[in-house]
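Listed after this line are the structures, all set down as structure tokens.
Note that chain A is present in both complexes that follow, paired respectively with chain B and with chain C.
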Partner chain A sequence: MTAPTAAAASRRFAARLPRLETLAAWLLAIVWIFPLLYAVWAAFHPSEFMVRFDLLAPLTLANFLDAWEQAPFARYYLNTFLLVTGIVAGQFVVCTLAGFAFARFPIPGKDFLFMLVLLQLFVFPEVLIVENYRIASALGLVDTITGIGLPYVASAFGIFLLRQTFKTIPRELEDAARIEGCGWMAVLLKVYVPLAKPTYLAYGLVSISHHWNNFLWPLVVTNSVESRPLTVGLGIFSAPETGVNWATISAATLLSIAPLLVAFLLFQRQFVQSFLRAGIR
Partner chain B sequence: MSAFLPRTLGGLAAAGLLVAGQTTAQQEPVELTMYYPVAVGGALTEVIDGLVADFEADHPDIAVEAIYAGNYDDTRVRAMSAVEAGDAPQLSVMFSIDLYELLEQDVIVAFDEVVESDEEREWLDSFYPALMENGTLDGKTYGIPFQRSTIVFYWNKEAFAAAGLDPDTPPETWEEMAEMGATIREAGEGDRWGVMVPSTGYPYWMFQAFAFQNGHRLMSEDGTEVYFNDPAAVEALEYWVSLAAEHDAMPDGAIEWGTLRQNFIEGATAMMWHSTGNLTAVKNEADFDFGVAMLPMKTQRGSPTGGGNFYLFKDATPEERRAAMTFIRWMTAPERAATWSIETGYMGVSPAAYETQALQEYVEEFPPAAVARDQLEHATAELATYQGGRVRRALDNAVQAALTGQMSPQEALDQAQAEADAALRRYAR
Partner chain C sequence: MANPTTDRRMQVYGALLLLPAAVLLGTFAYLPIVATLINSLFLPGFRDAPTEFVGLENYALLLEDSTFWQVARNNLFYALGTIPTSIAIALGMALFVNGRLPGRGLVRMAYFTPTVLPMIAAANIWMFFYAPQIGLFNHLLGAIGISGPNWLGDPTVALTSVIVMTVWKEAGFFMIFYLAALQSIPPELEEAASLEGTGRWSYFWRVTFPLLMPTTLFVLINALINAVRVVDHLFILTKGGPNNATNLLLYYVYENAFSFFDRTYAATITVVILLVLAVVATIKFRVLDPRTHYQ
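This part shows the complex of A and B:
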């Protein structure tokens, strides 16, 4: 008597389970997106409505104007764009070559060298600020966009990721290319790189969003508007001593993240797929 | 370095043009680098750039590169990195409480070593003594006050009237503040609270005010000892906790530093304790009549000072040090201090600043601007010790633990004292 009831109950429970999951997913999504929604709300309304929710509150663009006038955003956009494209391009070249060497070249002590590269992942980047500054200063790169990007070009994460991807590509493809008369470089460019496209896309995305948001190192190594990226420009809107003007800072924040946000919405599907394929979670 | 070159050439060319009409040949200008933080909102970088340009016009023999370096913590990181790289600035504006760390790292030099004439020595004594407390150690002056603030009491006159209180009389004592807060809460217009004292951001700063009003200073003069669990300090924390727990005048739990001004402007609280740095913003944003007064007292008036000082760095030639001091003297001269105060809401740093016409007119038109000055007489140094970060964090945690009810004030402060003692053990003199 009790057993069938229990079974039925557990079936009912099982049927309800996916709905619970959906609910949890919604809950997490709302919690996660709330700050962004708030920023949008605050950016488009006069400052009287910062902590008062009123659907009929008047919309305004004054906050954006205010933010735009307080900082040279056009210059900051250009700097951030140059910085991020420069870093990602540099990372692709360096990490491809290094990852390929670690995956396929017969180098003595290769595993040990690879461990050394991976050690980089355990070091918190902020710890290296003083040392990096010393090097940048010695190279005359303080206050240049190159100086901001250089420490990130030899990325251990990128090397690791590409090595793993290259290792999964069957040797037979490489052998076939060799029979066709390809050298190392041609094998890399014609066989390995095209097959690793999802990894490049996923890694590029992670790298772009990380460097778009990076703050402390760019602040430390730059002096002038000519080389400072968006995040550092955004810094002058923060006011630790008095509490910020939420309307202006929300508008400035939206201005800073808008290109990334638009890109994400446009390429959402490709991003998600490449993440799944490359196995980065 | 190449990035500096065009600017240097430009500077030289400009200097060359300036002296072209003069008979004496001018030397190459002394180049100075200065880092500065921005801790209040607004386009302060432009104000600083404007001041620097004015200075360079007055002193063609000195070129100053002023570099915005984030908040106080970022600025410290920036300056220390530059020093390590052998690229040290000649001067910087940094947190007044960074003094001990800068001394420990041996990167700054006392102004006493750079002054030469009696007039310059007099200049060192021309500031409000309360503002010098965080900049002096063992009789030497290391910090010259620049962007300085203190805590003041803001109240909403309309809310007072609505609760049947006299809108022009702020509370004089702790008891009065608690009673008035409770009255306003009971009158219950909307969900208005009586009083809010922020407990995130800088809890130690607010707690210092309570403790000092109870006649207690939390640290020794030389920054090697703290007295967190003294009975007077415990009593101060008990009072702060009681505002919520007993009097129902303040909301339970933590009160956000960053949103408190907004709460006050929205009328969510009738009274608040906050930095003078907020004065201009409250003035611009509040659509009700408000007043500013000194903080209430227990046994005496009191508030800690806060903000940033000018420091001179060690790694500079005597010529550069002199030039840096010339710049600092210019920046802190009464007229500039007055302009700076009006534009930012920071205090005028010397009595002479308040005697300038500009600031006198401003105070006349907007009397709250004088409250911070009058309260300076009762001010004390901001909590600064060796290992400052750890010591302040210990106190911050204790204050928050007590306010959220996790610990009794006595337990919380005992624990903070133990942590601070451990951090300070090797500095005992």
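This part shows the complex of A and C:
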């Protein structure tokens, strides 16, 4: 979809926008980024400046300290980190094997099985919270990080992406490796996986952002600080009934989004390319 | 190559490769779907009593449950309110940043940034805007002498407030697909059109928009799924209130299962969501890409 030459060409010939549209584009951009800037303002100023925009208002880090003291954010960070790493690692292994099988092996009823897998593109684990909760508790996975992550490991999306990628890899490369005496596993690891690196990168970034931000299923399946990820911790911390003041909530919100947001700002191109690559089915 | 024993071995090997995914999908996708369908036919056993088979009674209850109908209607309005608006805004954004625009990178970043935030964080930020007395919106309105509505507390406004926040969160994501599609349209088309004196407006409606149709349909499917799947923001903004004015189907499932502990009724509502998703999937596979065989 994004042939680089076409993109470059269209950039070269792209018509300069009329002045009115330039103005509209910028206005819309300001409106769109304003909520985030406002959160930054609120987090770095004493709470009496929430609705008083005084450029000389004193800056403070007190809100961050308050948030850090009032909720176990260090633990939430660790949990989210373990959760996201575990899910992505699990997805890479499971989806690679399944994608490889769908791409290269003569399995009876393969097309039907593949349609069954694609079903999960529509029915996400969080839609089935009621039954998935019962299954997780039957398996003793309630309130564990494994319990949050496991339903997402066999991702239809990952299987689909890797299958498509593996299918584009010429058989000749595989044959060459087999002549050298490689078994199937070695062929997979030495030929297919290295050539699919861009797909892994794209899928990994999309998966990290998705699971860093995921909320409903983690909320349902956790009930203690030891397993709650950042989103759930933040949700509980900032629920209106807790009466925590807004400046502190802003600080907590920024704390929770900072790692992903900073990564995004640094690697914008990779993020956008990944979402695109992963989105085109 | 057509050696039956190698073929057989390949089949076994392939099946083994599929096994981990099959077990996991079976446990967390197919089994729960089947269990949901079955449980919708039972009443929960209270205390230690076993569950009781009641046939379609839960569905009869559902049809008489005015809250269910309100929630279903809300979800429909929510979809109608978020989807066309965010698609139109996304398209506008893409057209803006596809043109020659000073500070294009910054503008594109501003549009896309809400996409990388968790819904919970987005809801927190918007809470500061919507809060009744001290919220920024009413503060600013107050400064010019207007007393603003209770954005989340007034049942006639609350759903719209939730919709506005969702559009803000989603539009930038859809924009990138339009942007990619726009960049694949050969620029010669526009040159030819401008040589013939076609105005930009009619060029857009007669050339660009039709060429973007596959992207629009792709975005539409995604937006439809999100409209029934994402309810995270409700936990912060309204908890489905006031008086269920902003309650959506999946949130109603959550309430029934984990607040009212009526999991068979929750299963019955889940079946409704599954039906909606089945319709979306059918549209996707049968109508939109009947010729894509996923080869």
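Here, the second predicted complex is superposed on the first by the 224 of 281 C-alpha atoms of A that agree within 3 Å, B and C clash if a C-alpha of one lies under 4 Å from a C-alpha of the other, contacts with A are read in each partner's own complex, and residues count from 1 in each chain.
As a working rule, a residue touches a chain if its C-beta (ideal position, glycine included) is under 8 Å from a C-beta of that chain, and two chains touch if they have at least 3 such contacts.
The model shown is predicted, which means the values in this text are computed figures rather than measured ones.
Chemist: So, does A:T146 touch the first partner chain B, the second partner chain C, both, or neither?
Modeler: neither
Chemist: In the superposed arrangement, does A:W246 touch chain B (first), chain C (second), both or neither?
Modeler: Once the two structures are laid over each other on A, A:W246 reaches both partners.
Chemist: Check the residue A:S227 against both partner chains and state whether it touches chain B (first), chain C (second), both, or neither.
Modeler: first
Chemist: Is A:Y133 touching anything from chain B or chain C once the two structures are fitted on A? First, second, both or neither.
Modeler: After superposing on A, A:Y133 lies in contact with both chain B and chain C.
Chemist: Touch check for A:L219: first (chain B), second (chain C), both, or neither?
Modeler: both
Chemist: In the superposed model, does chain B or chain C contact more residues of chain A?
Modeler: Looking at chain A, the partner in contact with more of its residues is C.
Chemist: Counting only touches as set out at the top, which of chain B and chain C does A:T60 meet: first, second, both, neither?
Modeler: After superposition on chain A, A:T60 lies in contact with neither partner.
Chemist: Using the superposition on chain A described above, determine whether A:S47 touches chain B (first), chain C (second), both, or neither.
Modeler: In the superposition, A:S47 touches chain B alone.
Chemist: Which partner does A:F124 reach: the first (chain B), the second (chain C), both, or neither?
Modeler: In the superposed model, A:F124 contacts chain C only, not chain B.
Chemist: So in the superposed three-chain picture, is A:S238 touching just chain B, just chain C, both, or none of them (first/second/both/neither)?
Modeler: both
Chemist: Which residues of chain A are in contact with chain B in one complex and with chain C in the other?
Modeler: Shared contact residues on chain A: 50-51, 129-130, 133-134, 216, 219-220, 235, 238-240, 246.
Chemist: Chain A touches which residues of chain B in the complex?
Modeler: Result: residues 1-4, 38-45, 65, 67-72, 74, 77-78, 80-82, 84-87, 149, 201, 257-263, 266, 268, 274-275, 277-278, 281, 285, 306-307, 345 of chain B touch chain A.
Chemist: Okay, in this complex, where on chain A does chain C touch?
Modeler: 1-3, 6-7, 9-17, 21-22, 24-26, 28-30, 32-33, 35-36, 38-39, 42, 50-51, 93-95, 97-98, 100-102, 104-108, 113-114, 116-135, 139, 150-151, 153-154, 156, 159, 167, 184, 209, 212-216, 219-220, 230-231, 234-235, 238-240, 246, 249-250, 253, 256-257, 260-261, 264-265, 268, 271-272, 275-276, 279-281
Chemist: Under the definition above, what is the set of chain C residues touching chain A in their complex?
Modeler: It comes out as residues 7, 10-11, 13-15, 17-18, 20-25, 27-33, 35-36, 39, 89, 92-93, 96-103, 106-107, 109-122, 124-129, 134, 136, 139, 168, 171-173, 176-177, 180-187, 190-191, 200, 218, 222, 225, 228-229, 231-232, 235-236, 250, 253-254, 257-258, 263, 266-267, 270, 273-274, 277-278, 280-281, 284, 294-295.
Chemist: What part of chain A is in contact with chain B in the complex they form?
Modeler: Residues in contact with chain B: 47-48, 50-52, 70, 129-130, 133-134, 136-138, 140, 142-144, 216, 219-220, 223-224, 226-227, 232, 235-246, 248.
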